[in-house]
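Each of the next two complexes has subunit A plus one more chain, namely subunit B in the first and subunit C in the second.
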Partner chain A sequence: MKAKWQTVFLSIVLAAVLAAPAMGADTIKLGALYNLTGGMSSIDAPALNGAKLQAKLINEAGGLLGKKLEVIGIDTKTDQKAAATGAKKALAMGVVAGLGYGDTTFVMAAAPLFQKKGIPFVTSGATHPMLPKWVGNCMFMVPFGDDDQSFAIAEYTFNKLGAKKVAVWTDNSMDFTKALSKFFKQRFTELGGTVVLEDFFMMGDKDFSAQIARLKNAKPKADAVFISAIPNEAGLTVKQIREAGLTLPIVSGDGFDTELVTTVPGPKLANDVYFSTHTYREDNRPEVVAFIKAYEKEYKRPPENAFAALGFDAVGLIADAIKRAKSTEKNALRKALAATKGFKAVTGEITYSRPSGVPMKGVSIISVKNGKYKVEEVWFPKK
Partner chain B sequence: MAAPSNRAWHVVLLVAGGLLVLVARATVNEYILSIINFVGIYIILAVSLNITNGFTGLFSLGHPGFMAIGGYVTAVLTFPVTRKAMFLELPRWLAGLQLPLLPALLAGGLCAALTAFVVGIPVLRLKGHYLAVATMGFLIIVQVLITNWESVTRGPLGLNGLPALTTLWWVYPWVAVTVYAAWKIKFSSFGRSMLAIREDPLAAQCIGIHLFKTRVLSLAIGAFFAGVAGGLWAHLVTAITPASFSLVMAFNIVVMVVVGGTGSISGSFVAAVIFSVITEFFRPLEESFDIYGIGEILMAAVLILILIYRPTGIFGSREPRFLVAKES
Partner chain C sequence: MSSGYIAQQIVNGLILGSMYALVAIGFSMIYGIIRLINFAHGEIVMIGAFTTLGLLQYLGLPFPLVALAVLIVGAVVGILIEKGAFRPMRGAPQVTGFIASLGVSIMLQNLGILFLTAQPRNFSFPDYLQRVIQVGPVSFRSIDAVIMSIALILMGALLFLVHRTKLGMAMRATAENIDVARLMGININRTIMATFAMGSALAGIAGLMWGGKFGQIDPLLGFVPGLKSFVAAVIGGVGSIPGAILGGYILGLAEVLFVGLLPPIYSAFRDAFVFSTLILILLILPNGILGKGMEERV
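Then we have the complex of A and B:
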């Protein structure tokens, strides 16, 4: 019995020891912190795939500064403790920069540790506009801020859809959705519109009949409804509102950037839906086309969502900065990143010109009509 | 009267622990240090849960709830005043208050213990599965409360940018205090009455043990240390959110207690070390071969094997012989 246990134990030790030195010696290391297992994995796993793909393409084209780029994927298990240890692990391995995460919570557990060491951290998908303020000058965002995407759809709703009175539905369980609603209301009322009804639900709700009843009876009548939700509720709300016979436009942010918006209600009911999102879906810029082609070739499936493209862009952004800095020294790299101007990313051009540290980046307004997605316009922040 | 335990060995272990901390701080990198810190926090959690679940046999899943209370109280108390003004809307006396870590930890622990009293009075009238479900309910109530009490907790976003105060010299003295307290309780008449309640409440009552008082106290003592561990956790990760202390964490701690042996302090200690290190151990394997999640799968396999071959846990209810005083 004892001998058997020993064998099992020793074989495990051996496996781990053998696996450890598999890392190459002279490479430029990037620490990619993602929740590859657990609740966030559907968002984070594609992002790491995108990041690794970018590194592979760069290496095939000759690498950086004569070295190969190596993306070390670290699984942080949708657990903040693991995020903190993962960040420390990446730093101990001597990474020149960190990247990762599609959610602010985890960035806040990892990024401050990079900041403390003065090493840049690039988030591929977290959109809270205060992130660079909270963390410091080593924090960089690939996506736009939540304020920009809300402003974009608010202006579109007011100016192009001609809605003057809106109802606002908010998922009250997440910071992201609450922030989205807040910024939407702010810009919509600034433009001269009025919010006639505010309603709330929680992530995981399946039945929206109470909210729909209040929406129907709202006085004065709403011209459009803004729904701040994440993908699961996006499809359900559209389906139930249309089934109830309401035809007013439904508007939202990048939580609606999912196939569920058309597959759950079906093409007949998925009509008159507008959302703001990363400039990626249904886009035909050469960067987007090339990315999708490369991704399909590498992983034998199309990119799962915009986060794959954002992960790809995060590594691209860092590589671009390394090229311009001609060095991987942390201060030079941080300055080069901060000076990024007009970097042609898959998800739009990135320029860091604002004091807030949030990139100036285009926001796509996408319409859904009879189950078909179409880019209506690309909105740019004014300042 | 014989000494309650084998003093010499205890002193040797304490000194050895101190030396290990010294060596670790001098030699290994921050990544390893943070793992050692988390190991220490999990030892505190497992040993303190053992007081509730192991000694008295109250199957509680509420431990992370107490951690959350302790963690948030400690975090709010140590939060720099200038940042408080930026992020939170607190009553004036709290907004201008910034405490060092030790009083903040004690306050966090006491708040957790106080909550345990209040919660324990209704909940501990339940038994077995009902108690487990009720404590789970408590955990969920705590999470919902923290999520919605925005002026103090900042809701789902949580508090971040906490000062990184937790070091090995904070964690391991608390480990020593926790183990010492658990040990003293176990080998006192109070601890014996806890064990008696676990084995047979009716018989225990017949020999004059106050069931309810003992149960509430064992919950509160466990909660105190969980609160302290929550505070240490918050200042190690430097961020704290309602989702930090989840049901998954409750199960992890319960697993440590069960695998170590319900009622065995040494068992909880060893199991906490094993289970916090094992997933880190498989990281190189996961990262080199792109098989993320294998660590969890193997951990589950180890758990199943232990439960098949040693259903009472590694140590059962006992402590290793050399640590315990000889029967006189």
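Then we have the complex of A and C:
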């Protein structure tokens, strides 16, 4: 009797397994690789939510090429090995394109496997400007490059804030933060400014009193301080610098695009902070408004951060290319992606016209004054 | 490098050291009495921080009342951990207790993530605790002054309790030799429980200070203070209360002065310097600065 039950059970499982590909054959599959658990989850989980939302909206509007779009989410656990395994898994499932990640390290673990098979991979949030060069012609970026966001804030600091001498603080534990500082210093000195002090810290540091004392005593005095940090240290540094009685402007990149910048120091101390980020926060273009409305309806809360919008855009970008290619064949899709021009994404228009493969995309400069965010200007790359 | 700059760095180090010292005391007391390296001690800092957040920010209780409540919550959690995890293992090899404490630590962290989410939360103290005070070239905040004074008062009270009261005598006797103490009619269970309660209450208060100083807390914040207080206790001589206090201040000062006095390029490597100091001190003084031989400990 027992053996019979097992046979029945096994045959049901077998039937289900065999039927699965057949049932899935009329969908267009996208493999979404994200770190839903671990250190990157606060960035990656909202991105996958955004990606799934976009697929849902496209399907509600009738799908693509007469088929439904299916976003297969794979959790790679903030682990590079799991990222590579996840990429293989997605490729084995026959995805037409991959997307994912808010950090360069993980893209570098997964994207080369897509490149090898000639299947496009679109990163929703990784910003290293060398990514398309490193991986190859199947690599596409939704966000701007780190060079652009650093150039934007460097020019704003020099021209609009009138700072001629800056101090630069760098989180020494990440490629992203080091690259941000490098590009900032490059543009700031090109403009004629000087870097009077460089200081460093490590992701996870809580106490910045020693660095602050040095900043206070810098000779010549710094007119502004550039802090290259990820969200975890963003609020902590602003709070401690202001509490030490320093009032100089604090400038940064998209690592500061977090509520912690205002909530940790409180509205009185969260003042005179400027950062460059994806054109999304405090923006009122129709794409942004519609996205926020749809996200709130689907998940019963506002989008957590810009990465939710970037995930939404990644699927949108691929869908747009499929529509233009009228096919999901890998070469046709790759060519259509590369030919993207003026795609109206939530995080700004995307055009791939540069040889570097990094999109020409606007960068928002956002100011924080007494705990309030305001878009000061949108910066565009010149070439 | 001006004298004002150095004075500022020393004050910064002392403030950080106060927090390490408070956590290190409990760590050292518990080791002294039952030879247990309690890795769950840092998690009580986290519980103290979240208790403060709840009582101060959500219930709006006045600060002195919150401080008192945090002391009590810390003590109660300490007692529960002792009763639940360590008492059943009394008499087992040291490594068993050590592994159990790691288990408790990971469990508390994950409970925190489960119920409070892993996202950092902001934490703000009333305005009168946030004022900037300028003394000559040195500036600090009123909360820093409160941290230093609470730390000194509590450490004084603890030293008095251990050296001048009957309970303290029982604690010292138990630390000296648990079996003889039992034969002398000391209630071992109650004494050990009291040690856990006191040590954990101090760790809870350190959590309040941690939140107040940095303004951002998360369920994993206990790991670093737990590790650092372990280092502080070892530097000072594990098992010795004055040693733990001294070790805490040395560690706080070392950390800030390494960053403050060395060229900035080394700033990111403060922990590497801290742990090198630990190794150096242990090479010269294997029992720590105030530690006695392996057999007699207070």
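One rule holds in what follows: the second predicted complex is superposed on the first by the 360 of 383 C-alpha atoms of A that agree within 3 Å, B and C clash if a C-alpha of one lies under 4 Å from a C-alpha of the other, contacts with A are read in each partner's own complex, and residues count from 1 in each chain.
By our rule, a contact is a pair of C-beta atoms (placed from the backbone, for glycine too) under 8 Å apart; a residue touches a chain by one contact, two chains touch by 3 or more.
These numbers were taken from a predicted model, which means no experiment stands behind them.
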First, second, both or neither for A:Gly192, with subunit B first and subunit C second: neither
Which superposed partner A:Ser173 touches (first subunit B, second subunit C, both, neither): both
Contacts of A:Met202 with subunit B and subunit C, given as first, second, both or neither: second
Contacts of A:Gly94 with subunit B and subunit C, given as first, second, both or neither: neither
Partner chain(s) touched by A:Thr104 [first = subunit B, second = subunit C, both, neither]: first
Partner chain(s) touched by A:Trp134 [first = subunit B, second = subunit C, both, neither]: first
Which of subunit B and subunit C A:Asn232 touches, first, second, both or neither: second
Partner chain(s) touched by A:Pro112 [first = subunit B, second = subunit C, both, neither]: first
Partner chain in contact with A:Asp75 - subunit B first, subunit C second, else both or neither: first
Where subunit A meets both subunit C and subunit B, residue numbers: 173
For the subunit A and subunit C complex, residues of the former touching the latter: 41-42, 171-173, 197-202, 204-207, 209-211, 213-214, 216-217, 232, 235-236, 239-240, 243-245, 260, 263-266
In the complex with subunit B, residue positions of subunit A that touch it: 1, 12, 15-16, 19-20, 22-23, 36-37, 72-75, 77, 80-81, 83-85, 88-89, 91-92, 104-105, 108-109, 112-113, 116, 128, 134, 173-175, 178
Subunit A-facing residues of subunit C, complex: 1-2, 4-5, 8-9, 12, 15-16, 118-120, 122-124, 130, 132, 134, 139, 141, 213-216, 224, 255-260, 264-271
Residue ranges of subunit B in contact with subunit A within the complex: 29-35, 38, 147, 155-158, 160-161, 164, 233, 236-239, 241, 243-244, 279-290, 292-293, 296, 298, 309
